[in-house]
Amino acid sequence: MAVSDPSLSEPGLLRQVLRSRSLIIGVVLSALFIGAALVSYVWTPFDAETMNIPNKLKPPNLVHWFGTDHFGRDIFSMIMVGARTSIAVALIAVGIGMLLGVPLGLASAARRGSWLDELIMRGNDLVFAFPALLIAIMITAVFGPSAVNAIIAIGIFNIPVFARLTRGSALSLWTRDYVLSARVAGKGALRISVEHILPNITNLLIVQGTIQFSLGILAEAGLSYVGLGAQPPIPSWGRMLADSQTLITLAPHMALFPGFAILLTVLGLNLMGDGLRDLLDPRLRNARR
Amino acid sequence: MTNMKTGYVIAAAVAIALTGGAAQAAKTDIVIGLQLEPPHLDPTGAAAGAIDQVVYSNVFEGLTRFASDGSIIPGLAKSWEISDDGLSYIFHLNEGVTFHDGSAMDAEDVKFSLDRARAEDSTNAQKALFADIASVEAMDLATVKVTLSKQNGSFLFNMAWGDAVIVAPESIADIKTKPIGTGPFVLSNWVQGDRIELAKNPDYWGSAISLDKATFKFISDPTAAFAAVMAEDVNAFMAFPAPENLPQFDADPRFKVLVGSTEGETILAINNKLPPFDNVKIREAVAHAIDRQAIIDGAMFGYGTPIGTHFAPHNPAYIDLTALSAYDPEKSKALLAEAGFADGFTTTLKLPPPSYARRGGEIIASQLKAVGITVEISNLEWAQWLEQVFRGKDFGLSIVSHTEPMDIGIYGREDYYFQYGKPEFQALMAELNATTDPAERTSILQAAQTMISEDYVNAYLFQLANTGVANAKIEGLWANAPTQAVDLTGVSWTD
Amino acid sequence: MLRYTLKRLLSLSVSLLVASIIIFLAIEVVPGDPASYMLGINAQPDTIAALREELGLNVSAVERYVNWVSGMLTGNFGTSYTYRTPVVDMIGDRMWISLPLALYALLLSTLIAFPAGILAASKRGSVADTLVMGITQLGVAIPNFWFAMLMVLVFAINLRWFSAGGFPGWDGGFWLAVKALTLPAVSLALPQASILARVMRSALLDTLGEDFVRSARAKGLNRRQALWRHALRNAMIPVLTIIGLQFSFLLAGAIIIENVFFLPGLGRLVFQSISQRDLIVVESVVMLLVFAVVIVNFSVDIAYALVDPRLRRRS
Amino acid sequence: MSLLQIDQLNLAIHGTPILRDVSFHLDAGQIVGVIGESGSGKSMTAYSVMQLLPEGSTTTGAIRLNGDNLLDLSEEQMCALRGDELGMVFQEPMTALNPVKSIGDQVAETVRIHRKASRAESLRIARETLDRVELPADRFPLSRFPHELSGGQRQRVVIAMAIALRPKVLIADEPTTALDVTTQAQILKLLRRLVREDNMALMLISHDLAVVSDLADEIVIMKSGTVVETGSAKTLFQSMTHPYTKKLFEASSHVPDRAEAESRTAAPLLKVSHVSRDYALPRTSLFAPPPKFRAVNDVSFQIQQGESLGLVGESGCGKSTLTRAILGLEEVQEGTILIDGVPVFSGHQVRRDIRQKMQVVFQDPYGSFNPRHRVARLVCEPFHLLDRPPRGAARAEAVAEALESVGLDEADGRKYIHEFSGGQRQRIAIARALIIKPKLIVLDEAVSALDVSIRAQILDLLADLSDRFGLTYLFISHDLSVVRSITDRVLVMKAGQIVEEGRTDAVFDNPQHAYTQSLIAAAPRLPDRQEQKEVSQ
């Protein structure tokens, strides 16, 4: 992954943005769901939690656009509120991954070959070796299933991803001349990491961030599907899928809409990630032109 | 729905082509679907209901036995005499009964089984059933005399439990994996995690059975269960986990739905010692806030009968007290205000894994919220539920279905998790134990039912329905579930 | 080469030891006691104590850890609390499902990804390229348990081509068993194939841009020859890494799919054992999965050396 | 009718014009030198001949090989020609070979693609060709891999791949730019021999006038996509007409006029005594301590205040290791380095006041600057060393002064680095080095990456600055002509040791040590010294 030289403020940026199809589709899809999550704080067609048992399992109609679930709740509203959970869990998990992973990566690159580097790298391999879902299940078995535990479980497995990415790209920057001249200017490893290394790998972190964000949404859906994510009454897409499973032949709409919500959000984020990678990595951009 | 039908027609043709169309001879083997796999096959060594489902009356037999309507009929004991003071029971055993390993079943084995269950270091889950036995003597090979330390009206009933089946000392060592009983079926194969296969016992002492082979297949996932039945991978599925699919099986000519009752009183348990629930007004307010029919329709898709007290409706002694705790949110709010909680309070609702609890919990949470009581739901696994709720008594509300038969006695135990144990109730229980006359027992039972209903000890929701699905051509499967058993002795194909 | 392998083996066994300590401590913290779980609601405290004695739960934690690890080294993983059978047998039965499922899914994923990746890279920017990119984007985005649900609905319930799940066992006919594993393998393979195809494409595009491919063209090779004879082998290194990662994920990550298709695999065993608090089984299976991952990574390193002579250090 | 005839060749990529009406021709047995600075389109001409152009390129005009126009050929037909009739050699030997295939297979592949030869037959031809390019079988068996060879040896393999089938035309695109002086001389000699033996036409492309003038029969000068002048090598330098050619020629032999530094006997500014530096090699056996590689072996020298000292040597001789030690970036195992009598290293750290005395300018203009910072911030990075760095107006004023002293203006401070050319970036690097007025400036290959004309301007700037501010330079380079024109004294380094030391003119005019002699002999020189070369042949 070549480290980009030109910064974001490079002229003609807007022209490239408009030309990159995947970035536009990605941004529109992601904005759709993030928007839905934000709007859900203010307005949803029906209250996502009030039940209306006699009105249960209605297929999509003019009143309930996505139909009703097995308790008579409005699926459209649940998806809007569910977006809140999925996006919040995935976003915070990526945040944890970055906040802890990036400094670790920078430190082990700065101290290349030392015991600290070895320790961090072995630590990373160890976390990678553990099966992610099993550890998530164990965490929730110990502390009880909840959205917070899902965040911790997914967050833990983001740390080594960012640590490894940061270390790799930071290592290649440490050999650059401008880092050597900073050392000649008497700057210490910490100052160089913050002033010179970090700003030049932000592009990579943004791209990887969107990818991990989409993986986070899938992971949260998986966890709440097996009942370990956000607990009722907080709606979550994964749990909506789990509830709909036994009714799949009776009320297919109950399974289709949450599934598509996850699919389109993850697709949007991945397209945005690809678009950003093309935009920010000059080597690819030149080749495309 | 029409495209679904055409789908079947094409599918059937294709399926036949693929599987070579096995000819439909009079079948003598059956595949039963169950949700939970038994941890092992010794009914006297653990409480798991799944063990009884497989082995009760099929592999192991006790002195007495449950009939499909819940009554007690002779088992290995063909007849018995009870002394007037009700303290000594003499059982006359059937002759010529052998265990699957060929060894004879006689009074010595009965003495061994009962002594083993009531021993100091016994690991029998229902050890209390044997607590009243003082001594067991083998008068001769075919007669056993049991002397009780105090009168116990339900002793014969207790001997019918799965935990009281008769085992032999020669095969007790690895009974958990190689069960040696006296029943009409013998264990032939166990593929862990997938299925258990039973074969016909050629030299069974009792009346002949029509099945040669029975396979129990374990499918815990509700959708997979639905798919398995639809795809006819299994011939019947007992205690079907997803009541919402039953209408579809009903509408399909290939299947028939068996709806019966169980001994499972599903209650919203209230921690009587935890403020504010120690105030009866609060408990009454909770009871009135609950709409039972909405829960039955929402969680169980209509399968289940509302109950007003902790007693099985199909039992003759049952009285309908649902009116006492009818759905009346306004009254509930008034009661809350009276008790000084006008703007409500917050408590915990800890739910075990079964879907009646998880779905019922969501509905109850929203119903309680309507009257101002907000609950924090936490879904626990059985082990955690036992630890926190049952033993730790660290809960406000919980939902559980008590499937042990005739278990109203638990309201007399002080240390039981909802902590009632009112002295007057304990007196009633003592009196019940002392009487053997059926009419008297019924009046005592009814008094007990009324007391716990008026005290609003718990919010009694509904009796768990026994919902099974079977191939239309199968006869003899029990609709009711007086005990957690799948008795295959009377089952046959009607081709 | 030998010194490199020895050094790797040493660091490997150290990480395994550390992993075993972490797993054991994590399990100790899990609340809930297997004995009380087994004896159910009406059990008296004394019966529970008797069972705990029988299961050896009252032994000190350190002693249990030492027994567990020394047992593992000699292949005896101890006896399961709930099933009362040796854990090693249980794992053995379940391994015969999880391993073939993982291999089957990996095979499908590779068979789909290689041609798709090569096609997309060699015809960069063409319709085929955008098509492959589009489909793989979808493949990565679909939650595989949802995809599995839909497949069960269509293929098992409606069309009845496949059984809805369950596993007839290998002795019941090889092809029958493979057929039972097909739907689960496809739902596992879909996301993996999409990821692998994208990695294949980007690795190939990178190597096609290298100087030695231009030298090959200058020697007279046409585009296709240059790709197959020079670019492909150099693109193997990143692809091998991904395949290694995927295999270890498939082994342990199939829990949800095993549940949807009620396959009695390792994933489901661990899932049930956790709810039954059968902790000795949980410890052993997680340790085995970590061991498998470490071994897979190790063999991927060896494979690197086979592909790239630069890593083959002449003694 | 000449062998290869390019006439009125026009090339555009995605619409932007690259080549305009390029015309020249190549005859059998003739070497044509194509010279131009970066961006002049010389490589694109070569790729047009080979028809290996990037996507979106459109060409018009004609390239006739033996009469038939290559532009009309199909890809099929072109593949048949490449490697058989047309051979090509590239600039970067380190990446031109497939790392995972043996050199035997890669050379044999050319044969098997064009001839129906069996594997054994093609390997035999490969062995023969490798011998022809002086890679003998005993030290270079067919089974060797590229990573086991040096840069020069790999370039020989690339040449072998190109000439295995004795092509009529060989195109060499800057074949020796990435190589050392001595290796460069051997490769050029090899090319001349191959041309003579096979009567092959060679198009030699380079940015270095001296390299081409030694070898070529004809010379073509290119500038921004057009041919400005062509002529025979002998007469061109006398009869050159086009102003660009003159400018190019003058810049290549340019010597900045600098005041002769009078020898002072004051205490030396920098004193290096008996310095040695070891690198640990990977451990071969588990028990013995890891073997050591001595990169710098017992080096001692001094620099006087205001003096300009050159340090010359081929890659791998240890000069950059020595530089990093002097700059305090790496510790040394033996010996001491003193600045104004104070040791650079106190324990493992370097004191700030020592660092204030020296600054550095690196080689790669595109890697020397953090793309995220504005020029003003880049230039005043050394202020970090000062206890009380200037703030606000004083800081802006210091930056402006530094920029103006290197010929840029104050407004450039607000721009980002990617808005400047290579030459301007080196000026900014020099401004950065000057801003805290250090005593010593280390120039590590500071002009090697620049085009000839730009290089001349930077050398003038350096000369002017040392006169104005009395600066001391340590000038490290592998390019002898540059060192000769800018330094007072010079050190020649080989395998970690200083083999010769002395005044620059004295060392260059009559080198004492054998290695220095071979080094100077190998360096290509411009024709106006033509007569002298003939005499000493």
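Labels for the chains are A, B, C and D, by order of writing; each one numbers its residues from 1.
By definition in this document, a contact is a pair of C-beta atoms (placed from the backbone, for glycine too) under 8 Å apart; a residue touches a chain by one contact, two chains touch by 3 or more.
Remember, it's a predicted structure, so these values are computed and weren't measured experimentally.
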**Message:** Just to be sure I understand: going only through chains that touch, what's the smallest number of steps from chain B to chain C?
**Reply:** 1
**Message:** Quick check: more C-beta contact pairs at A-C or at A-D?
**Reply:** A-C
**Message:** Using Cα averages as centroids, what's the distance between chain A and chain C in whole Å?
**Reply:** 23
**Message:** Measuring centre to centre with CA averages, how many angstrom lie between chain A and chain D?
**Reply:** 46
**Fill in**
Rounded to the nearest Å, the gap separating the Cα centres of chain C and chain D is 51
**Item:** Approximate Å spacing (C-alpha centroids) for the pair chain A, chain B
**Value:** 46
**Message:** Where in chain C do residues touch two or more of the other chains?
**Reply:** 31-32, 149, 157, 259, 274-275
**Prompt:** At which residue positions does chain A touch at least two other chains?
**Reply:** 141, 245, 248-249
**Request:** Any two chains that touch count here, so list every such pair.
**Result:** A-B, A-C, A-D, B-C, C-D
**Fill in**
Note: in the complex, chain A contacts chain B through residues 49-51, 53-54, 56, 70-72, 141, 144-146, 227, 231-233, 245-250
**Prompt:** In the complex of these two chains, what residues of chain A are touching chain C?
**Reply:** 122, 125-126, 128-134, 137-138, 141-142, 214, 218, 221-222, 225-226, 241, 245, 248-249, 252, 255, 259, 262-264, 266-267, 270-271, 274, 287
**Message:** Applying the document's contact rule, which stretches of chain A touch chain D when the two form their complex?
**Reply:** 5-7, 9-10, 176-178, 180-187, 195-196, 199-200, 289
**Request:** Mind listing the chain D positions that touch chain A in their complex?
**Result:** 14, 327-329, 350, 352, 355, 358-360, 362-364, 366-372, 381-382, 384-385, 416, 418, 429, 432
**Prompt:** Which residues, counting only chain B, touch chain C once they are in their complex?
**Reply:** 4, 7-8, 10-12, 14-15, 18, 39-40, 46-48, 121-128, 176-177, 191-194, 217-221, 223-224, 226-228, 230-231, 233, 353, 381-384, 386-388, 390-391, 402, 404
